[in-house]
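Below are two complexes that have subunit A in common, paired first with subunit B and then with subunit C.
Moving on, here comes the complex of A and B:
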């Protein structure tokens, strides 16, 4: 009878029920969509961060990451590369030569970070070919001295495809070297820092240009599904004689802690925002319930006068709350899941909001499209939290209803 | 003597048919003071009263005379400031909220001026409500409630909600609800105040019939002449005291 009465009571006060149900439902839906977008955003940030760092795990000569000095190189490169590839949990090991230098043309010179890469391996992490604006990518070039430059450099040095470019840099012994390249491609990423400083060539060409035959600056590692950067870093430590080879092994989180802090702060703000929303909703619901109790004082007094104990009156009000909460959760979930599907399908291109220049620690967000990801565990926790908050907001009103004196409640006094 | 100053053995003047050992309701030196800000309102000023089993008694008096307060205290909807009330030998004046609810469920039936049916329940569900609180089985509830509803002329209206019933019909449902648990006493606070005289007379005749057949004790508060002329005993309250007693107890 309690549940039957509770259900009918909900629909006797249709407007009030709809207002309260919609408040909970919309807040819950907003919660789910915000969480879905937040999780997706963070996943994209993690991916971009790993991309910006150069891999999930990085291997360099000891001290390179802090100093970026051209003399800190992995000298017995093939041995180390083989060892890294053999470590458990390594999906791909990507060898690189990274050198700071100057590219020069008749029009002037510009500082660049020359990256000597193996395109077939590099593509596991990022595909520069996607940003190719003109010319051909390294895999298509037949030249042995190909160079791809960022669009801004090309513009400033007044270069055209096929032009000769001189790279000046220091070799690992500290000697200044000069090497001739031919401009074979132009990339435009949308990130000013990249477009103004990127110079890509093949690993062999870079090694030749800066006298690094048999040497590498960095090995970027992509971890296999099921492995974590930490576990793979440990495996590499065990496999590659880190001390003997003078290496440093770090996860991307260790490499760019500021990015990790950014994501954690962003995550915390999301949850603070959600807590604030729900605090407001909980107070609104408690207030509405309390007003409803005051409106129904006579009704609760009658039930008590007929012999229903205070606990029974409280149970009736809580049963109404539970039913309303279930209804709100059903509506809210439908709305929230629809919102998630819509976000997942269409997404919101963040570039359109003027954040196309956003870059944190080398992570590129130029193509960031906000979508949504369902994390079932989080969604279940969110649902339970909403249910608890909503039902909890009725506890005080239920207590008030249960402690009404029947004679006062029924305004029995003459 | 209409108002007791001291209990005594045997029947007394004024409370003609009451006995120290036989009264179903025994009220002694009952006072009730309400505080409205700094103002003290003396609703009852030392009421003594005995009501025997099977009585059909009306409490009459002007507004503010204390009728409803007295009924509330007898029905444990309110507590006295001083004095005692025993119903069926049980002192109800010191009961806590839970005990009071249990007592009302077990011993008393209420009929209110404003009908006070549960708006979301049908006539039948309202009538069976108190039985359900007592944990009576569904089939037994039906066996008890349906004949009573038929008897008060609501056979075809059991599925109607209160707003689909007239005032008289709602009050009949309230009577059935009060009677369904077969309580020892029924306390009715101005049960005909919102009804026309014809419906009032009809309902009073019905209650008299039930009083005779079931030997249920009825105690009314009223200033309706229709009720007063049918009551077997009328106790007149004035300024919180029993001022007069007319008629004879059962």
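Moving on, here comes the complex of A and C:
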């Protein structure tokens, strides 16, 4: 009975109902979309951070990460790699040889960090092949001394595909060695950092060049779904003889604390932002509701005079509010979710605003595209909070309406 | 004027409603002031961190060096040059430098370093390098003669990589301008942490005279770094410097892809030397738009609904006003005025609130440590840690309230239009 009356009441004041529903629905939808964008930025940062670090979990010879010293290498590489791969929660283990050195041509020399990689495994983290500007990628090359360089290095060294390039670097014994490579590919990403510094070769070629046969600098680990970097790091600790092999195992959070700091600060600002948006939404909704109920005090007085008890009026009003809230949340959710889908589908590329370089804590965010992500927990919280505000802001007027004597109520002028 | 008075009274008649709307507007405006204040704070800090130590605001190189740095791409440091430059309008101080890449290290470790040959006095005047001293001291103007080891000040990252401290000896190697190999014995006298990651990770400061000797560049330098008097007027100072030196203000492009000539000087502003910093500056200021859009959209929906609701609630009142002869045009003006008054009052209130909070943060700073226990982060090669200070300038204070008044005007249009179009008779009878 109450519910049917309430439903009819809603449609008897069509304009008012529409205004109030749209107020709640729009505010709620905007709230959802801003949360979706914020959470997505956060998720992308985590991904870029792990990618920049070289994996979710990193394994090196003990002390390598702090010193980057060419003598700190994983000596019995195959045993360690097998042990890491067998650890629980490891999706892929990516072996790498990293060499700090100079590449030289007749035109000069440039400092690079040469990465000897296994392309089939590296692709799980990032695909260098898709940025290949000219030549062929490591997987297609038949040479045993292939070299892929960033476009800026190639330009500065005045190189052409097929040219000989000399790498000068220290081997693990501290001897300075020189090795010959042939330029087989050029990568151009538009990111200065990559174009000026990228040097890739195969793991075998890098090992041969700096006398590191059977040795590795780094094993980057990507964790499987459901596992966390911390749990995988612990599993690797247990599986590989960390002490005996002289290893260090670190999660990306331990490897790049400055990125973690940025993400945490960014999170704090996102949180403040959400609270402010919510406060503004709350003001708008509470206002509209209070107004709509106050306008009807006389109507309630009449109902009261006709024999509907105070409690009945309050119940009717609350029933109306609940119905309207459900309606508004349904419309708002549809709008907000569409907004989220649109944002996620098209996205706003940061690079499209004329930025080539956006370094934060060592990672480059210039190729970032702003999209949207649903965090179910947050969305449910937001929905509950909005429902609470709307129903809460109807409680006071409902109480007021039910406590007025009919004669008073019918003479009520705000 | 009369519509303003009526608008004001209408708002005052319904206090709780008006104050809730004002509250929503005030919170949005206050938040915008605060956010803008902090963004300006970050940006200024970032630009200062990126330019102060390494590039200054204006730099002079040969065109060839500017395009692609090489040891032999130097120019003569005439004694009159510094004196003439200091006389240029807007120039605060000038530091001549030698810049080379080389290897620095000891028996066990070595690393690639950016060697900066500087005049100790002029460098300290031009850049805040001495503020960054972590341990030891800055280079002396009059170092002990050979065979004493040459003085060197290391970036903190270099010192950590090489595991050396004050008093330790290092050897340096690099290719001199004539193709020979320069090398010398150094003694670490100081370690600097400047907050500029490029400097901290790879810079090695030595006496100008020592590096000129080692690089076979007697009387020559690679770069002049200029600190300007006024940070904002960088472009004008660059033009004045270029005029004084007969230099260009951009790198000439050679038709055949060859490197530009070495006998032409180029004066460039930091925006030209580090375009990426300038881009980020532009991007960040553009991203204010997105923040405005999101926050003010929510506030606008709030005002719009309040105004529509209040117009709906008062439709009979409006009907009577029309019946006794009020013109639709005036009705329209009256309601738009109400929105404007709401926007302005709420905006002013929010500005006061926002300025108060932001002012507190501009004086005491915001401790980043309360958000993270990781120390700090880097942005565009500049380290941020500890406290960040907001900046209150005219734009930060004025812009949010102005935009809000405009938004209030826009969202006031629709309810005003609807109210101006009501038909008195059925409205008063309640048959709408």
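By definition in this document, the second predicted complex is superposed on the first by the 328 of 414 C-alpha atoms of A that agree within 3 Å, B and C clash if a C-alpha of one lies under 4 Å from a C-alpha of the other, contacts with A are read in each partner's own complex, and residues count from 1 in each chain.
In this section, a contact is a pair of C-beta atoms (placed from the backbone, for glycine too) under 8 Å apart; a residue touches a chain by one contact, two chains touch by 3 or more.
Keep in mind that what you see is a predicted model, and the values were worked out from it rather than measured.
Look at A:192: by the touch rule set out above, it reaches subunit C but stays clear of subunit B.
Once the two complexes are overlaid on the shared chain, A:141 sits clear of subunit B and of subunit C alike. By the touch criterion stated above, A:126 is placed in contact with neither subunit B nor subunit C. Of the two partner chains placed around the shared chain by superposition, neither subunit B nor subunit C is touched by A:390. Among subunit B and subunit C, the chain that touches a larger number of residues in subunit A is C. Shared-chain residue A:302: touches subunit B; no touch with subunit C. Of the two partner chains, subunit C is the only one that A:277 touches; subunit B does not reach it. When both complexes are overlaid on chain A, the residue A:406 reaches subunit B alone and has no touch with subunit C. Of the two partner chains, subunit B is the only one touched by A:1; subunit C is not.
With the contact threshold set out at the top, residues 414 of subunit A are in contact with subunit B in one structure and with subunit C in the other. Considering their complex, residues 1, 5, 8-9, 12, 298-299, 302-310, 312, 403, 405-407, 410, 412-414 of subunit A touch subunit B. Partner subunit C is touched in their complex by these residues of subunit A: 15-16, 19-20, 22-23, 26-27, 30-31, 34, 66-69, 100, 102, 108, 111, 156, 170, 174, 192, 257-262, 264-265, 267-268, 273, 276-277, 279-281, 283-284, 286-288, 290-292, 295, 350, 353-362, 414.
Of all the residues in subunit B, the ones that touch subunit A in their complex are 34, 43, 63-69, 72, 75, 77-78, 97-98, 101-102, 104-106, 110, 112, 116, 118-121, 125, 129-130, 132-134, 177, 189.
Here subunit C touches subunit A in the complex through residues 13-14, 16-17, 20-21, 23-24, 27-28, 31, 68, 70, 101, 108-112, 160-161, 163, 275-276, 279-280, 282-283, 286, 294-295, 297-299, 301-302, 305-306, 308-310, 312-313, 368, 370-372, 374-381, 383, 385, going by the rule given at the top.
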